[in-house]
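The following pair of complexes shares a single chain, chain A, combined with chain B in the former and chain C in the latter.
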Partner chain A sequence: MADTKKYKKVAYYPGCALEGSGHAYNRSTKAVGKELGLELVELDNWNCCGAMEVKNIDPKIQTYLSARNLSITEEMGFDTVMAPCNGCYHNLKKAEYDLGHDAKSVEVNHRLSEKAGHGEYKAGKIETIHALDWIKEAVGEEEIARRVKNSLKGLKVANYYGCMYTRPRHIFPEKDKGPGTESTSKPHFMDDILAAAGAQNVDFPLKTACCGGAHTLSDSDTSTKLVLNILTAAEACGADVVATECPTCHTGLEMHQIRAEKVLGRKTNVKILYFTQLLGMALGLSSSKVGVQENFSDSKAFLKSKGLG
Partner chain B sequence: MTAPLSIDAVEARCDTLLAAPDATLAASAPALADELLAMGEVILDTWITAKGDVPTEDTTEGFRLLALHRQAARGNASFNACRETCREVVYHHNLVRLDPTSADAPRNIRLGAMVVRHLTLFIGGKLQVDGLGDFCCSSRPIRQADTSNFSTEPVKVMEA
Partner chain C sequence: MPIHEKSLIRPENLVEHEHLVIEGVDVSGHWSTFIEGRSITDYNEAMQEEIAALPGGENIHRCWQCGSCTNACTVNAVNPEFNPRYWIYLIRLGMEEELLRDKDIIWQCVSCNKCTYACPRDVVPEAVMKATAHWLELKGHTPKSNSTIFDEGFASQVIKTGKIEDGLVLRDYFKATGQSLTQPWLVAMVTGLIKRFPVTYLMKLGIATVFPDKTRKWSKSRAAITEYVEECEAANRKALGLDAKGTH
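Right, the complex of A and B next:
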């Protein structure tokens, strides 16, 4: 029977974080894709999505910056771009929405694209997906379960999605469409993927709660307390691991886990790993192949005790 | 029991509940479930009052907390970031209320306290840094604060 699944070959927009603090996510995403027979083609000459900082100065400039990346996707002949970072994913989605609903955004994008000398992106041409959509749709739970070589059985996981993967709802029109689609109130794609790899997901009440990531420098103490609360809640739910799918969240959780111990004297033992790292190890990849050594926290001994990596 | 009246008091009360032994939590599970819900309302009341509005007494889906969240989120999209946190407060209240004698009641009260504490930290943090703008999922431009006191009018597009 022909394989009818989508997203086997997509354009890849790693974004700035995956070249720096989130490099382990970049490495593990590529490794998992290769292992699963999926093809990622990185965008040529991509630019920063504008993250949150540009939006704070001028949201129309942020829309343009993301529209340029969508324009490159189109020029490279793709109809889908995959962004593993929640910030990039959110901004591409927001640009798509704004260009479809706001005449001023269209006008600014037209003017700046012309000035920069590249094609103007028009809404409706490109579909933006997250790494979770990519693996869930291109491979699916059944195939993941079939390919698992090193089950995550016995690993209790709190899946942490962060605040930008589902918000605001109106820029994600494909979500909340019933069975099989992602939920904006109780996201579950990461839960589904890791369960297929053998993990035991715990019921975690803070899976979309704010980690304080954006205020990690301007208000570090609040960020530390927010992260500590997330980690202690995960431990109270019985989790050994917090699985992440956003480099900003991941870095924030790791950094503030250390800071909570240093500043507040509160030690938490829960490990923080990208879902792609967990999935990769379940597929038989080594811990170094999925970049565990690049994480701030050292989870190698823990993973070894679970027979992983 | 009367709910605490300040955000700091709510945070301290959550810490007390988290440290309490199972037997203490089990002995007054229904009252503690109600208290946690009331503390969630106190946090939202504080935010809405600080914004110069009068907190609603209405309910949404049977809960004032959800109506307060809806009121606070109106015209302030970044408030979406605590939408599920409010719903989790209600959920844990209902879990305990549904079966207060369950062996899980102390655990559910503790998890509810962690969710309320998260709401406290999130909104307490927002109250502190509101003037800086939000660097989060639905941020508003800093320039709006300079020029129009956080109005929702579109900002002038910067020349590139």
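Right, the complex of A and C next:
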């Protein structure tokens, strides 16, 4: 049977977080890709997308930072770039939107690209996708279900998508287009993937709540409250695990889970794992292959009790 | 002018039933609680224009006060005083004094864009909050917030090297804000890690802090961005009628 699926080989933009605190996500994304026969080619000389910080100094520079990465994607001969980090994904999408709709952004990008001596990225040439789009499109639920060696059966999961994956809506024109497409109010791609791997998803109302990531250090008390809210809601919904798809959300939850216990005396027991870690273990990879030991929170004993990893 | 907001009623303007003196006549016990009239004389008519001139403030004039932003707001749920719709209202009217009463919390917007998602008028309240916080700092109404210090440290690292390294960002930030790196929760997190981490990985993290990774072929981008940032800063100061470098 001819394989007609898209995204079998895409350009890969890991972003800075995946080289540092989010290394487990990098490791598990690559391991899952390899296991599923997908090819990732890392962008040459990529730069940081500016996260949520540089835009506050000047939004046009943030646009330029992503435009440079898109122009590298083009130079390398790809038409699709995959970013597993919500921040990177969001910023690439936002640059795409702004370069397609805002003359001033185009002008600044033109000027900076020329001065910097590289190609000027023009809107419409590259498609940016998230790791969720990648797995869902290139593999799909049926094939995942077929390849599962170690089902996540009995694992109750709250899927947490955070803010930047769905908001603001206008930079994601492909979402909210009916059956099969992602929803910005109730995203479900991660739910679909993990359900195919056997997990039991709980009905979680805070899928797109904010963890306060932008001020995780500068206003820690607010972040701790927001994270505690997310974690207690997940527990109230019966979840054993919060599945994440962004290094910033993930580390935010882990950090403030610890901080809530130390500062507010509020302990939560729910485990925090990347969806790629859960998927990888379902596909038969060991917990160290998917970097469980690199997470800030310790879920080894828990995973063992569930017969995983 | 009608009373649009309960929070505009200052406690000192409330006269209670038991001690009620109106224009020199004692009517205690006869009248209900009374709000003394107040005339506003301190309008800053340029305020909307000034904020609209800063990045992100462009669409503030489109607001029709539906309140969807505040209703959706993440920070408002934690602190009811955090009220983007109300601040937009004050800015548009030029009620600077009223806005300044909340000056120390405006920077706390977490950029979740729930407001932007809900806004029917494409105001992008998230960006308006950033522009407002920026305006407060440029005008000298507030010191640089921790958030701005973080953003600047982060941005300068990106501009310098093309990449960031979380350990370094963290260290610089704690240094710039005079906080200790040995806060109990941070220590708990790091020692938890050390127990489980392979030594080589920790060494790699440590080395990255000393010799941060760099994007190759970045120097020309750095020069171009630096030049552009300087230009924008000058333009922003000019829009607010501030002199080139010094104070206001």
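Operating definition for what follows: the second predicted complex is superposed on the first by the 309 of 309 C-alpha atoms of A that agree within 3 Å, B and C clash if a C-alpha of one lies under 4 Å from a C-alpha of the other, contacts with A are read in each partner's own complex, and residues count from 1 in each chain.
Heads up, the rule we're going with is that contacts are C-beta pairs under 8 Å (C-beta built on N, C-alpha and C of every residue); 3 or more make two chains touch, one makes a residue touch a chain.
Nothing here was measured: the structure is a model prediction, and the numbers come from that model.
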Overlaying on chain A: chain B and chain C, fit or clash?
clash
Superposition-derived comparison: chain B or chain C, residues of chain A touched
C
A:A103 in the overlay: touching chain B, chain C, both, or neither? Say first, second, both or neither.
neither
First (chain B), second (chain C), both or neither touched by A:G212:
both
Tell me which partner A:I230 touches in the superposition: chain B (first), chain C (second), both or neither.
first
Regarding the shared-chain residue A:L112, is it in contact with chain B (first), chain C (second), both, or neither?
both
Which of the two partners, first being chain B and second being chain C, lies in contact with A:C48: first, second, both, or neither?
second
Which of the two partners, first being chain B and second being chain C, lies in contact with A:K262: first, second, both, or neither?
second
Tell me which partner A:A301 touches in the superposition: chain B (first), chain C (second), both or neither.
neither
For A:S21, using the defined touch cut-off, is the partner it touches chain B, chain C, both, or neither? Pick first, second, both or neither.
second
Which superposed partner A:Q293 touches (first chain B, second chain C, both, neither):
second
In the superposed arrangement, what residues of chain A touch both chain B and chain C?
52-53, 55-61, 64, 108, 112, 115, 163-164, 167-169, 209-210, 212, 214-215, 218-219, 222, 225-226
Residue numbers on chain C that touch chain A, as the complex places them
55-56, 74-75, 78-79, 108-114, 116-117, 124, 126-127, 130, 134, 145-152, 154-155, 158-159, 162-167, 170, 173-174, 177, 184-185, 188-189, 192-193, 196-198, 201, 205, 208, 213, 215-218, 220-221, 223-225, 227-229, 232
Within the complex, which stretch of chain A touches chain C?
16-17, 19-21, 23, 45-48, 50-61, 64-65, 68, 108, 111-112, 115-118, 163-164, 166-169, 184, 209-210, 212-215, 217-219, 222-223, 225-226, 254-255, 258-259, 262-263, 293-294, 296-298, 300
Would you mind writing out the residues of chain B in touch with chain A in their complex?
77, 80-85, 87-88, 91-92, 107, 110-111, 114-115, 117-118, 121-122, 124-125, 128-129, 132-143, 154-155, 157-158, 160
If you look only at chain A, which of its residues touch chain B in the complex?
52-53, 55-61, 64, 90, 104, 108, 112, 115, 163-164, 167-169, 185-186, 205-210, 212, 214-215, 218-219, 222, 225-226, 229-230, 232-233, 236-237
